[in-house]
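By written order: A, B, C, D and E. Residues from 1 in each chain.
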Amino acid sequence: MAKADATPVLELTGIGKEFGAIRALHGVDMQVMPGEVVGLMGDNGAGKSTLVKIIAGNFRPSHGEIRFAGNAVHFSRPVDARAVGIEVVYQDLALSDNLTAAANVFLGRELKRRFGPIALLDHKAMAARALELFGELRSETRPDDLVKQMSGGQRQAVAIARTRLSNARLVMMDEPTAAISVRQVEQVLGLIHRLKEQGVAVMLISHRMPDVFAVCDRVIVMRRGEKRADKPIHQTSPEEVTALITGAKEAA
Amino acid sequence: MAKADATPVLELTGIGKEFGAIRALHGVDMQVMPGEVVGLMGDNGAGKSTLVKIIAGNFRPSHGEIRFAGNAVHFSRPVDARAVGIEVVYQDLALSDNLTAAANVFLGRELKRRFGPIALLDHKAMAARALELFGELRSETRPDDLVKQMSGGQRQAVAIARTRLSNARLVMMDEPTAAISVRQVEQVLGLIHRLKEQGVAVMLISHRMPDVFAVCDRVIVMRRGEKRADKPIHQTSPEEVTALITGAKEAA
Amino acid sequence: MAMPMESPISFTNVGKIRWWQRGIFASQTGYVLLALAVLLVIMHFASPYFFTEGNMQNVAKNFSFIAIATLGVTFVIITGGIDLSVGSMMCFSAMITSMVMTELSAPGSPAGALFVHMAADGKTVIANVPGLILLISILAGLGVALIAGLVNGFCIAVLGLSPFVTTLGMLSIVRGLGYVVSNGRGSFPGGPDADRFYALTSGDVLGVPVPFIYLVVLALTMAVVLHHSAFGRHVFALGGNEKAAELTGIPVVRVKIEVYVICALAAGLQGIIISGWLGSAPANMATSYELNVIAAAVIGGANLAGGIGGPLGAIVGCVLLEVIRNGLVLAQVSSYWQQTLVGVIIILAVLVDRIRSRMS
Amino acid sequence: MAMPMESPISFTNVGKIRWWQRGIFASQTGYVLLALAVLLVIMHFASPYFFTEGNMQNVAKNFSFIAIATLGVTFVIITGGIDLSVGSMMCFSAMITSMVMTELSAPGSPAGALFVHMAADGKTVIANVPGLILLISILAGLGVALIAGLVNGFCIAVLGLSPFVTTLGMLSIVRGLGYVVSNGRGSFPGGPDADRFYALTSGDVLGVPVPFIYLVVLALTMAVVLHHSAFGRHVFALGGNEKAAELTGIPVVRVKIEVYVICALAAGLQGIIISGWLGSAPANMATSYELNVIAAAVIGGANLAGGIGGPLGAIVGCVLLEVIRNGLVLAQVSSYWQQTLVGVIIILAVLVDRIRSRMS
Amino acid sequence: ANYRFVIVPKAMNNPFFDFARDGCLKRAKELGNIECNYKGPVEHEPATQAQIIQDFVTQKVDGLAISVADVAAMTKSIEAATAAGIPVITFDADAPGSKRIAYIGTNNKEFGVALGKQLVKMRPDGGKYAMVSGGPGAKNLAERVDGVREALKGSKWTEVAGSPTFCNDDPALAVQQMTDMRTATPDLAAIVPIGGWPMFAPEGFKAFASRNKKDIDSGKFTLVVADTLKMQLELLRDGYANALVGQRPFEMGEKAMDTLLAIKKGEKVPEIVYTGLDLVTKDNVAQMLK
């Protein structure tokens, strides 16, 4: 587990975001340590995905500051966040429907073979590696099928497999287990454990209480754009978290 | 609960579906009685959504027959299925992003006010009724906001609210609780209970074992396009169902 | 079993939407309107003739000439389609109207015998019922538009062909038929009802050109249909997500056919009005107008990807194009530079809309 | 901690995809090719001269004339964009090439002095390095295309303007500039390198027209780029889901600018080749060719919604359009009916593709 | 007094009208007190031409010279201009029966007849022939087609099906159509383009003619083409065509200015001024090129 005096991988101070008249986020502070698994919970529309997208460089925050590994950062595009080692599984998966599963997994990081001055795609290697990754997730997903034709869970497997390609320092998963079946859920939780062991920080957004309590070190609860609680997992309970999410309990 | 000698609302015999070389469904038989809640479970890609789409008139089956309330039916478009009283919450939600939540809820069944010979939309009534429906689901979803701008769970609430408008005889919900938060999950399960009490048949597709065991009378397990089990819920257990889903147990 | 409400749903994190954050002020249409205002001021300084009554009437008439067709194509664009056959359709409807009018007015001809006869002086031709010939001619012109629209709609909605290819084919078919029926010559309105026809198409009421009045009436109707009828809502739904529209039980095929028919009828009507003003329906009339019409709709804010558009935008787009055209002629810009400037101004006008995105 | 695999993942419910279920056989391109074959047979019976060597050469040359531009626009269409400026671009590049060639070859002019001088007999003009003038002229023509492509790309990718409006503006700008620089007259290739230019653009090698050879080389290159390079993959990803492409870290802005530049360069090259064949770059050259070029791409199977398209389809589309045009003249169909038939055949050709959807 | 006259072509994209413009500009400069504006629709489209005329009426220019794109449409526009006190003349393409004061240009029927006669003169033996026209809407072109037919009536020449083709003033298309027609009818003995379009693409025309060079030289295939622009004369000189019959667009431009000025000064002007035709063959081409 993370030591208290280490530099946080991620540090947010006073993050706020307005969409026109909607205050999606307001004064959010948080820290994530290397190797720490943080659960982010909250009601629908609480602002979780918005927070993820801000950290990933997809939106700019209206207020506040982001520090990554100690340095203030201003990502203007997702590629900037990816470059410093932030990997994301988006809630809407972000797949190109007209490409194959393997092509989606490797999008933007294609494997190539050099032929003299030109580098061409190494289709075989990508398909093989993708099959391996799907296998690790125990997902029956065919690398050469178009994503358009896939079932909801197969699509989610593709989105999760992507994060395994790079040596990320922070992996954010926005409801990665929403569409997948029982045994793949286990694999994803297992995956999170392995990431933690490798010192990678993980932020898990989920509505599934058991999952959060199974893998997280700490849980943060959001409500209507504000942070209401930030507690080590062993100091709280599913009941308390539920009360915080629904607003039955104001803060903890 | 449904009596054995009543006419089934839905009766499938030998349903099969191929997509090119993929055999998504093969020889599926099943019956659903009025007022019965049937859980449909299975691994990702098992063919659950395909089955729902076939029943809903979205795809035509490659083989087999569908009987609805005793009569053989051949839906060529979703509107045909809707007309006989089949309501569906699709896994991909089927929302028009550029319309408001209220407009989506009432799509195809707009409320109107007559002005002499012309009937104009009754925006107020639709917004009020939509707010009521979202309230029933305990979802903080604003009727006049565009669906494009909504969080994953808010979108799902819109899709679920739709099914409440008509007097359906069969409601099929394809992972209705995937994206929604704890308390809305309760509401959806409550909703299923109420439908059952009103004699409506419900087919619930879910990867969440506790939900299925909480509301279903019967559970059907699919694997690679085939039906592997069809059991009253009290004669099985989560462990057995998991084994059937993963293939650890072949059939039951 | 009614659910007891724990607490009413409230939206504490949602503020009031200020007036400048919604409706037209938050749309491309609004910003292009702004660009138009700027352009008007510039034109005023560029030519003293620009803001004269005569020229304003002129501008009003000219933009009304493509605006009705633009309203029609806007329906199609909102559903995510496109109609390239509008220019040819204008010509063909106009031509059929003129030809029928002339034919029915010829005392000797078989059809004419039913409608007109020679007066005692052996010269003047008199119609049975005044205006009947005109009515039938216009209905004939709109009738062919209806058929073409149905064919477009059928190919696109039922057979599932691409709107671009289908309507490009129709562009060619309809233009060719115009040549065939008129033997390449075109036609012009004739007979006793011709003057009535001219009055209805190029006259004015209290100084307001009639085409402009038609336009206003049609635009208002369109606004009501789009925003306050189920049909309009389905048009938007189709453009937002066709798959979802189908799944939720919208009669997608019917709605699609309807929009292509509306578009063809609007183009036909437009063509008939233009031919009244021209006093002729030449075979190459309105050649390549389709690009102007679609451009006007898109400049006014309609989105070719579907789901966005409206009558105000269509009109603003048409006015902008006409002001650019008219203004450059009035400002005596060299003909060769005009075309370049038209392009530059079009791009600048939509660029103004980006200010909005940057600001928010 | 490595995961122990319970059992290898297997796909027992997935059969073998038969050869006729994939690749070209399952694509619109394949079915349009079928329609083309049918058309060829019909044409053979309609005119005994259709399949003569001379006519085949002619067809090969004519379709190569728009095919290179079609390859370019196919890139744009795959990303979900559109480029209406191709026709004007063809003309402008051709014009600049001719003008530069003529200018550099004029012994008196300031630029000419660097390249040519009078020979002793006071007549012959000799270039310093043979072919240098030609090279510079062609580079100049492609240079202006590059600039126009960059402007298109910048407006669309960076400023976020609609491709339709931007490239429509560019259509007008570039056409206007053509009029401005040539004073409306167009221009002619001239000077000592003109013959070399003609050989490079309208000659043939062993009976095969050179434009056809360029086309084949470019199409093969395009196939490799689209399917075997990261750039090509990003082009498809952009058309499939631009938002997703952005989120997964694809340099969306760069890719977009690149496709518009490729498209402009292809159009420029196409124009230069046409002008070599024409021996002239008239100011109205290639007017409204953009519709033909886009239609060819779409008929061949490219999807204006993005994500689908390729060089084979582009070529098949061009061949189809040219065979229709050539065939109708050879069949001596009345000119008035020709246009109508062109439309009908275009629609029928894409209709064949529906057989596929119905069958599966 | 300073006068502002406008010369309105059918289509600005037709090089033919560049000569009319140049003539107009030259004459305006010579006369000193007048300004010549040149502006028309880019493509041949009558409604756009009518709108442009209206813009000039609004501007109260001092005179208009129009090459009429569509007779009926222009008749109305000319009436409007006249009502606003602006004198209108036509050039190149006339609108007889309108309020135009004068027409300056070619007698198009005679032009056609001259083309036909030239063909009969060169090839009295006859054969199959075809024509290429610009746009089906243009009246002056239709008159030429009639003229050609009239001249060849009673001769041994027969027109093939599918003639005339319409190239829409596109030079490349004109050459393609000639090539196709020759392929369709290998014993086609003559093509008569009734405007200069195919020759506006000199290399394309050369390629076509070269392929048929043997037949041209042996008198089995004859090309009689309308118009006498410089590149056309060069092509004739080099043996790629048999004869040209030309109009005088430059003079049309010049005379248009003279006529408008005369009208302004209140002088009486002749209603029809034919600018005349030039018959060009191998024998006099060198002289014309000077």
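Following the convention adopted for this analysis, contacts are C-beta pairs under 8 Å (C-beta built on N, C-alpha and C of every residue); 3 or more make two chains touch, one makes a residue touch a chain.
Since the model is a prediction, treat every value here as computed from it, not as a measurement.
Counting steps between touching chains, the shortest path from chain A to chain E takes 2.
The most distant chain from chain C is A, comparing centres defined as mean Cα coordinates. Centres computed as Cα averages put chain D at a distance of 33 Å from chain E. Our note on geometry: chain B versus chain C, Cα centroid distance of 43 Å, whole angstroms. Averaged C-alpha coordinates put the centre of chain B at 72 Å from the centre of chain E.
Chain B and chain D, compared by their mean Cα positions, are separated by 49 Å.
Along chain B, residues 22, 139-140, 224, 246 each make contact with two or more other chains.
In chain C, the residues touching two or more other chains are 14, 179, 184, 288, 335, 339. Shared interface positions of chain E, defined as residues touching 2 or more other chains, are 12, 42-43, 136, 166.
Looking at the complex, you find that chain D touches chain A at residues 1, 3, 5-6, 8-11, 14, 224, 227-230, 233-234, 236-237, 239-241, 243-251, 307-308. Contact residues of chain B toward chain C in the complex are 56, 58, 77-79, 82-83, 88, 90, 93-99, 103-104, 107-110, 112, 118-121, 123, 131, 134-136, 138-140, 142, 162, 187, 190, 193-194, 197. Per the touch definition, chain D reaches chain E in the complex via residues 47, 49, 52, 54-55, 58, 62, 65, 175, 179, 183-186, 188, 198, 202, 274, 276-280, 282-288, 325-326, 329-336.
For chain E in complex with chain C, the touching residues are 12, 37-40, 42-47, 50-52, 54-56, 58-60, 69-73, 75-76, 135-137, 142, 166. Chain contact summary for the complex, chain B toward chain A: residues 19, 22, 42-46, 48-49, 91-92, 139-141, 145, 149-154, 156-157, 175, 178-185, 207-209, 224, 242, 245-246.
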